[in-house]
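A single structure is presented below for examination.
Going by the order they are written in, the chains are A, B, C and D; count residues from 1 in each one.
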Amino acid sequence: MQANFLRPPQAEFPVVRLVGVDGARLAHAETEPDRETMLDLFRWMVFGRIFDQRMISLQRQGRIGTIGTIRGQEASAAGLALAMRRSDWLIGSYRELLAYIAHGVSIETVISLYRGGVPGPFPADVGAMPIQIVIGTQIPHAAGAALGAKLRGSDDVAVGCCGDGATSEGDFHEGLNFASVHKVPAVFFVQNNGWAISVPRARQTASETIAQKAWAYGMPGVVVDGNDAVAVYAVVKEAVERARAGDGPALIEAVTYRVGPHTTSDDPRRYRSDEEVAQHEQDDPIARLRRLLEREGIYEEGMQERLEEEARSEMSAAIERAEAAPDVTPDQMFDLTWAAPTESVQKDRAQTISDLQELGEVGKE
Amino acid sequence: MQANFLRPPQAEFPVVRLVGVDGARLAHAETEPDRETMLDLFRWMVFGRIFDQRMISLQRQGRIGTIGTIRGQEASAAGLALAMRRSDWLIGSYRELLAYIAHGVSIETVISLYRGGVPGPFPADVGAMPIQIVIGTQIPHAAGAALGAKLRGSDDVAVGCCGDGATSEGDFHEGLNFASVHKVPAVFFVQNNGWAISVPRARQTASETIAQKAWAYGMPGVVVDGNDAVAVYAVVKEAVERARAGDGPALIEAVTYRVGPHTTSDDPRRYRSDEEVAQHEQDDPIARLRRLLEREGIYEEGMQERLEEEARSEMSAAIERAEAAPDVTPDQMFDLTWAAPTESVQKDRAQTISDLQELGEVGKE
Amino acid sequence: MKANIVEAIQDAMRVALARDKDVVVLGEDVGKNGGVFRATDGLQAEFGEARVFDTPLAESSIAGVGVGLAAYGLRPICEIQFGGFLYISLNQIASQAARLRLRTAGHLQAAMVIRAPYGGKVRTPDLHSDSLETLFAHTPGVKVAMPSTPYNAKGLLLAAIDDPDPVVFLEPMRIYRGLRQDIPDGHYTVPLGVARIAREGTDVTLVAYGAEAQTALEAAQQLATEGVSCEVVDLQTVSPLDRETIVASVQKTGRAVVVHEAVRQAGIGAEIAAVIQEQAFYSLAAPVQRVTGWNTPFPFVQAEHLYVPGTAHIAQAVRRVLQD
Amino acid sequence: MKANIVEAIQDAMRVALARDKDVVVLGEDVGKNGGVFRATDGLQAEFGEARVFDTPLAESSIAGVGVGLAAYGLRPICEIQFGGFLYISLNQIASQAARLRLRTAGHLQAAMVIRAPYGGKVRTPDLHSDSLETLFAHTPGVKVAMPSTPYNAKGLLLAAIDDPDPVVFLEPMRIYRGLRQDIPDGHYTVPLGVARIAREGTDVTLVAYGAEAQTALEAAQQLATEGVSCEVVDLQTVSPLDRETIVASVQKTGRAVVVHEAVRQAGIGAEIAAVIQEQAFYSLAAPVQRVTGWNTPFPFVQAEHLYVPGTAHIAQAVRRVLQD
């Protein structure tokens, strides 16, 4: 049967790239990072690499729980975070840990979370919602926070982040649709890292790009090379400032690659080849940015090593602080569950604690 | 800020129309209905108009519960149903009552449902799932039934229907995405009647068309004039046969208008003007098709009146049968809830019934 | 002012919108249409489209956008058009709203209200009559309020809007318009977490809430003519449960009948019976009886009058509990 | 064959896939990856991509596609990766799967299984440890099975796959690999709706299921050394509840302690306590005690060992119920 009426998808989304894999500058953009910001990007990316290594080794030592890896995705995370204002709201997932930290959430808060403890509160001037574990569920929150900013007359922008897999969830759809209908100052940032655990991007959705999903909402979309920190920064900046100016939301797809396992519990060799990984390892976002910095004469001898050293000591200090914190207590669970406990909640709390006290040794079981 | 990178939506979906409002043939198509099918379309559309009137009056008389109206949408419903095979699965909502009946579900079953009784089972050779009340929830069912057909090696196609409002639900997104990834023989048919109760299409989604949402799934999409029965038939036929041939799902947006209230409980004057309605009443799908039939010499003098008469007597007979059916009994509720009741279910059933019997008069409260 | 329940609810929202500009109302058809039950009638005209607005047809995001609004510091009142559709919102309410404060160590809170009509004997279609309060009662971090009169409808809703915790507010569709009462103008609250003794009595305690609180009162009146003195505890807040008031009443009467329209198995009635036997065991002269929906889904309309507890169902259970 | 619980579950699916070509397995990462717990390991290789396949990351549609497959006549086994994400699937399960037969007067049925691991003390992230069985126990039309041993894991899952009603099958993550047992090869079933007496005793009845059935057995063993004889009822099926077995046991022992990890308020333990006091009131020497999760969300990992009932929690309640 000849297709007479059905219009096959024709969306075309060339990948935005400002810096080549070899570090060569391919193009300039109004919203590109300045010299200082490029150094900041580099610093955060180096930090991210060290952070990832340290978290994995803490997990191996049993000092924290299962943790997602971010290796290979440092440019997306840093480019995103630095293009935002501190008061803009970052609303992402476990894959945005670096972005959260670069945005202003303390390393210690993140470590506490993975230690299974009470996460410290965010600094009051940092816009952020908790690191989301339920995939996709944060996307309507971003629409809501953005609407909140709009209603309050603030010029904050909310950035909702998720992975390629998360775009399949109903909440992704509902959040983007709401945001566009209400023209809220939101940006949706998808790190397409090729995989959702073992499910490759091509089995996640049949659309050629994630960016073209924006058109379902009458929203602009863009694909950016997620390993090009300069391009990610420029594209996010454009989208954030556009949203801030009242021109509504946009969807950004940052194409990157998860070089490591999904989490410390994952064995990626079950579902992808070493060759695939090796090929992607060729394009290390840190190396790419360093080459650019070198070419543009910004890089100083020994800079990376120095930044790595700094990152290591920052991590050590944060780990020490996090590990010094006392364990969660049952009363905290009640006190943090309810802002306004009723009489029966208070009785539950008291009864639970006295039962546990009577047991005494239960903690050591 | 100048938009450098963001690609605004550029989807263009001209409306497919084969017959003008004046009944003039505008174009032909390979999949268009033949003479006999055109008469069938007309017959079902006339039936639909009478059905709608009778259901509304039954509701006014308190003989059935709240009912949605279908006036103005007869071409979409009839075009859809007649382009399907009887064994294809129709999976729709309360707005597809006419389509269900034209597809082979008995009028009586539909009336029973609105009488608040046990709906009769569908004929064994009719593919259909229940009329869905929870908006959008049926869309993944259509993807699933279509996958079932594929796995069973049958060439049945599943058609999932919903309204423009329903496209906002997460399940709409999840169903289309699944269908496209798994390339199942499904067709998604959206009756865009301009309103979701009081919410106009433009406040439901910011995309210019519903059809372009298909591109989010790498799926073809099409907009058809939903008041042009010939065009609806041709477009659905193409999509259904394409799916049947193994070429995957498609999304059809039939643009029509709900001339009546949302349901018998709705007062549309609260949210839309009489002028808007009057304007749309100019384009009555039945009149349009009749003009075509007249122009093409297919219409016979008195045909509409005769069909109306037939429809009225069919309705009367069906109402009589439905009203003769006994009321739902509590034991039926248990027996229909569980295909394999456990011992405690049997005891619940017995206890519930004996309690009610003891009460005796409770039914008349 | 004189008001029925739906008017009382509307008035509560009007008062809240007027006194706190962070309060916003969102949901399907809440704008021009004023809600399918007119609960938001006139509010958009009065407070503008920025504060009272229609959402796309998508219940997960109605709650989810509410969570985002609340996180930003607003006080959203989200309307879900019918209680049965709360299934779709549950994830956002239970995994998100209920845990936002916990996850941020108190830095953020989800001070929001999710309103929905619930309940049967209104001849509605499939899924429109379900009573899903128990799903939320099993979800610590979210409160559940269910009014039974115009007075407590307004007072509880205002308390819910003021409350820093998320509150699911379920409105008794069946008695939306039946009862008319004088209620105070302006702002007042009926505290969350506190049941009321709707009628004093000595022989048996009837525990009910929402529309069934009224049915229980009617049953108590009928039973009084037979010489049976019922105390009626109207929960008002279903979660956290005011165990103290229930237990005190049963300690006095020695007998209890718990009433709700929700499905029996694992319904909130089970919790109430469990609590009574835990805390008033030695006062109990007979097992606690439950008068509830059956262990089937809400039935086809033709059988709903048999399913939803009426005065006769309640009286039957009272007689049994007195015989034991 | 010797198997632990996760192997037993895998074997059940292998047997079912081999004997009935309408059986299909779907979910996130169930294909090549064999599931995050390896429950479907090797099944795609053995039965092909058409019968064992990955879905997009979308829990509502995993259940919803399952409903469509089942309506068409297949027997889908849907995997939800962690129990906490069942919130997202609930609408499709409760408003659709549970009511398909009802809505079509028996013409169609949703013979499907929704599998998910559940439970705590495994140091998982947020929402991965929740026990949501009560949501489904409050949903007539869907059965809930929760195995506690390799033997009943395989037998219950095969029964669930054969069953014409939808079954939510919740797997005790904590003891997925701990217990090894000889189980029959090939097809056998453990009937749905029937509890087992896991240990006979005379002084008190412990009612538990899933991983907590094992904890209850351990507690019983410890208490035996103190001279307390516990009867352990392992529900196996949480809904419909096998009230008969529970009540018969309590009529014998006169005392009961109900154990689960789910939140206490309106948990299935409340239903069990309610049923016991309804049907064994005059046999009860003391109020039924509940040992459960607290009335808070599942806690941060550091507190989970305090939240999830251990043998000490159970022993404490047993001592109390014996004192009364």
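The rule is short, and it goes like this: contacts are C-beta pairs under 8 Å (C-beta built on N, C-alpha and C of every residue); 3 or more make two chains touch, one makes a residue touch a chain.
All of these numbers come straight from a predicted model, not from anything done at the bench.
Asker: Among all chains, whose Cα centre is located farthest from the one for subunit C?
Answerer: A
Asker: Quick check: more C-beta contact pairs at A-D or at A-C?
Answerer: By the number of C-beta pairs in contact, the winner is A-C.
Asker: If you average the Cα atoms of subunit B and of subunit C to get two centres, how far apart are those centres in Å?
Answerer: Roughly 35 Å, centre to centre.
Asker: Averaging over Cα atoms per chain, report the distance between subunit B and subunit D in Å.
Answerer: Computed from C-alpha means, the inter-chain centre distance equals 39 Å.
Asker: Provide the list of subunit B residues touching at least two other chains, using ranges where the numbers run on.
Answerer: Within subunit B, residues 118, 134, 168-171, 174, 177, 181, 203-205, 333, 337, 345, 348 contact more than one other chain.
Asker: Which parts of subunit C, given as residue numbers and ranges, touch two or more other chains?
Answerer: Subunit C, residues with two or more chain partners: 56, 58, 60-61, 84, 88, 91, 95, 98-99, 102-103, 126-127, 140-141, 240-241, 294-297.
Asker: Quick check: in the complex, which residue numbers of subunit C touch subunit B?
Answerer: The contact residues of subunit C facing subunit B are 28-29, 31-34, 36, 54, 56-61, 84-85, 88, 123-128, 264, 294-297, 299-307, 310-313, 316.
Asker: For subunit D, which residues count as touching subunit B in their complex?
Answerer: Interface residues on subunit D, with respect to subunit B: 24, 50-51, 53, 55-56, 58, 60-61, 63-74, 76, 91-92, 95-96, 98, 100-109, 111, 140-141, 143, 163-165, 192-194, 237, 240-244.
Asker: Flag every residue of subunit A that touches subunit D in the complex, lowest number first.
Answerer: Against subunit D, the touching part of subunit A is residues 65-66, 94, 115-118, 133-136, 165-166, 168-170, 196-199, 203-205, 265-266, 270-271, 327-330, 332-334, 337, 345, 348, 352, 355-356, 358-359, 361-363, 365.
Asker: State the interface residues of subunit B toward subunit D in the complex, per the touch definition above.
Answerer: 89, 91, 118-122, 129-130, 134, 137, 139-149, 151-152, 158, 170-171, 174-175, 177-178, 181-182, 333, 336-345, 347-348
Asker: Name, in rising order, each residue of subunit A that touches subunit B in their complex.
Answerer: Against subunit B, the touching part of subunit A is residues 1-11, 13, 16, 29-31, 168-174, 177, 180-181, 183, 203-208, 211-222, 224, 234-235, 238-239, 241-242, 245, 250.
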